[in-house]
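Taking it in order: structure first as structure tokens, then the write-up.
Chain nomenclature is as follows: A, B, C and D, assigned in order of appearance, with residue numbering initiated at 1 for each chain independently.
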């Protein structure tokens, strides 16, 4: 497996600390859950908490322990089938849509599986043979952090379908955050360098640092707020075809969409479902849970546009960011010189370079220090169950 | 609500005993379950155990306690929305397909809800005002028994999707039962009476006892066995269009069906998933889990046919039955003089008199004494997650 | 091929006259068409006029000329593939949904094909070898008459999609016909005989004359009129769930149905598309183009029901009929003793005995003398592009 | 309507000649057709020849004659509804999927409509009031040329569904063309200018000439040939997941795709349907009718990639092109400074800037002189009924 690009150097002790911290964090996130909450997969695109817990362990078992750790005893031969998310190189996998039907193994047994893997991993990390594998091991921890974010957003989606509006944590401060800056940042025309360049970890799709020529542009220092977006709704934005992409308008028409995800109008006042329960919409807070279609239509209505990912990255050191995944106007495509890694580790980022748009930034659900300015997130333009928001450019 | 037809007389004490026994049985059925098992709804047509537990309580709350029991305190105002299965007269209801997403209320809270309803019901049953309602109360217990059967068959379906093949109860003897009789019963031409006629309970669709003229026929004393059905498979029955109804052939072609539900061929030998786990198919045991389409094709291949529901009922006192729901050749339609009950109790049997076929008999999952010779079960012709089997006629 | 049941005796000369008359009538029906009108198949269930013209010729070619007529020269080897509607015994066939894409052969070439087949058929009919085949030949003419009715109803459906509302024939008097009788016919309880019994032609599904026991009933002498149905619409019949079968209500909800097919409300007045163009609805005229679901809901709203097909047939000699295909309350299922004919001729009526309902009567589009009191037409309960109507029973 | 960007200057006489030539060419293309061929729309994405003929006339009527030509008599008030393809600003339009059901107006009447519009247009073009409109008038001719290409490719698709394999023109030399050059063109790193810059006509999506920074690359002087693609097929390219985008592999799996569109394997030899009928595949000829997914997988299998649209345009003056629409690795998105035109003319190119990929070049079906190096064609990645091909880069 060609993993030379993931990072230059990494010490065993640093990796061990990181491994322990990340693994503990996943379990920590599940503490407020009842056993029932671990099970459902109400939508194709989401996965049950129990599956996230098991899959992230499977990743280490399938990618590291089984191929490289001598004497490793596989926990259960069918778990490989049950908890492989995608990697066809590694063997068969259960049908994605059926994850919510897998009541067994139980939550307790999944926790036992995690402990089994952790024990073997900790032994393996300090072994001699692991020294060439540290970068792959680190990849596993970043992979788990991605699933931490999905675990939260998937859970929120499941809870949102329940008319009881379950509370994940009453003190959850998700999506009540405000802008730290206002106004516009002016960027001058010229050549900029884009892509990962530091000694730290990155994914393969960030590599291939290259030059781009950007024309002068302005990029907003602030995210669009709920109050600003309500103006768009009030102005009839959802029913005026002229602001929308053709497929966007078809999507809102077919799905009867006229507001961000999780919004409800109760007695004439906007509320939204949050992980702390149903709350009145704070007009000063930053908008979340809109699709690319909505972001694009809003920007058009404002007479502006979304920044490209290159414009975003070039300005990133002067922006406050990390509160929303910001839709950019860029399709998710390979950088010049992009190479897919060989083997199973290559079966991820490059496979989805079609029909998806790039998001930059990070969000309240992103594990701290997981993100960086060169990080390229991507989703289909109609998805909005992530904490997605809007930053304007002109 | 016109419920005069459900039964002639019923004593309070008899009802109370029945109520307690039925309610306890539902909980008893769930004992082998882990908490996770209560949650999923992997298919539209099935429901989670948790939902069955709550819905059967909701029935008493919505049909009896709220309208008739003075001073009844509703357990939770949103439960009515969550656990109403169908009855539009009684108010809004949650989307059927989302039942598997409702992780809250928890299993424990559903059990508390059951206890709350039971306590109020026991008080109500012995009250003066209940005396006119006994027949409706009995209807509720029969309704719950129907859900007991669904609880088991739905659970089996969920478990069957799990490649681990979970065991519900290791001593479960489901579908290993054998025929008690062989040969043919000859029935002579003439007028027979069909429909419910005793003083006991029945559903509205069994009422309207009426005369039918039957021509001479023979009906098998035995069910079709696994071994007999394997002959059909071996003979290429699933690939010869001539045996099939057009929509049946379309169905097996589109769904890639070439065997009964839950069957697997392992190393050339037939196995099936049972509630005791994966087991070799016993060729002497009675066939289960076939659709009407398969039953009809099998009968055609044998040069025979399925009995009509009238033929079945006319012969019923000379048949051993109750091991399988037997597909009949009759569409589910109203008897002469059929009247839909007014109000919510009328919103059930009559609503489904289109595109469904009648099944008679009962099954290993049917609560004992729930069934009777006039009982009319009905399903769409492609469904087979019930314990459905075949009895031939000629 | 076992065709002994189609009729007892038939003279060559009688058949020859019938053949010529029926074949000429199909072409006659197409006279008002432009070449463009012969081509489209806008819906799966309908077929283009050109296809009907060719398929009815193919029937004689494939069933009679190729297997039985010595020295017959097949017109074009690929026509068999193009114009086989269903008969799997006779070989491959083009995908049903693609009929509208077959611009070639041209209309002119299809007419040449008809002439080629007619010439060979006329020679064959008078040959010695045809004497044993006369009943099969007659079947072909009845088959063609069925397609004459479909040709008209399919064409009406295609035209109806055109906002220009094309006129087929300005003097077309379709669906402006009125009732010839009013009041109720009382039928007494007892045994009746059902099924075909005369020496004339019938289809296999009418055979197996048998006894049924009918309870006393009343059947309307008149069809439901447009004006009566408008009362149902005005009374909110389409939005009151209590009148509808569950699948019927689902169908009208999903398809946004609130009126008969081809009806338009223009400036507050009901109009309908007819083969003579768009016309105001005549309230005295007989209702047409309703589904079984609508017929059933209307009857329920009136506190009545639809007659069963046995009730209809038992009363048929005292009814005026033949103006509408009347939905009965009977599912389309085999009569006692029903046998599917061997070979291709058996691949028709018996294959559809599931999920369809029986219609009796005939319609303004039915060729004269094609129908008879024992004739069993059948369609899925949501179909309404035939001239379907309602007769009530109680 | 802001059309200032379409071109700088244009003389009346030049426009008149262009108008006449383009209009005549559309009719010329239809000469080999029978009346039946004008009607069908077998797929959502294609349109009938009759519709193309009428729609291109409607464009001039709706955009020019009705708003600007005094005294213009509309030909038929419902044609506007029937032949509006998309432009919501201009009013209602018929459902796109129903175009194939519109047998009326007849082909002859559509030709009369064209003559009516042509007569009015020729009068209008020479009128004083037209002088400010010349650029819009020219847009109409380019619009018609686009439909000329679609008319041919849509017709080919309809014909291809017919097992008779109709011949459009026996002398049609479509897709038997060969490469004019071989080898690789090396392009050096640096800043290039992209976008339309000449005084001639262009569409709005080509405007906004801007600088891009390109890294050094090589681009093939030749298109991929049938023979080269057959090697990919032989090597199992369609069944090896590693070469494919995830959605590409899903698409070929679901649609059972294992070869280019219109290819058939007959007795072990590749044939393809062409407008001259079914022909053996010439291995030296240039490949056509592949999707982006196939183009991308083929390039990956070769260890190469597709050029970006910027790379293509920068090299375009050194390439022979115009034989295939070449899939680029670029998503179809706005250039910097892209502005949607106001009014109906703006309702086209900008609306589709999502989920589509850019194609450059032109094809054998593109009207001569219609294309140019800055022309940006775009289709969804699974479409392949255009003459689409592959040029590699590395």
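Brief remarks on what is shown
Note that in this section contacts are C-beta pairs under 8 Å (C-beta built on N, C-alpha and C of every residue); 3 or more make two chains touch, one makes a residue touch a chain.
In this text the structure is predicted, and so the values were computed from the model without any measurement.
Ranked by separation of Cα centres from chain A, the top chain is C.
Separation between the centroids of chain A and chain B, computed from CA atoms only, is 44 Å.
Mean C-alpha position of chain B lies 58 Å from that of chain D. Rounded to whole angstrom, the centroid-to-centroid distance between chain A and chain D, based on C-alpha atoms, equals 37 Å. For chain A, no residue reaches two or more other chains under the stated contact definition. This structure has the following touching chain pairs: A-B, A-D, B-C, C-D. Within the complex formed with chain C, the chain B residues making contact are 88-89, 191, 210-213, 215, 217, 241-242, 245-248, 292-293, 296, 305, 329-331, 333-334, 336-337, 351-355, 357, 381.
Those residues of chain D that touch chain C in the complex are listed here as 34-40, 42, 50, 78, 81-82, 94, 98, 100-107, 158-159, 161-164, 166.
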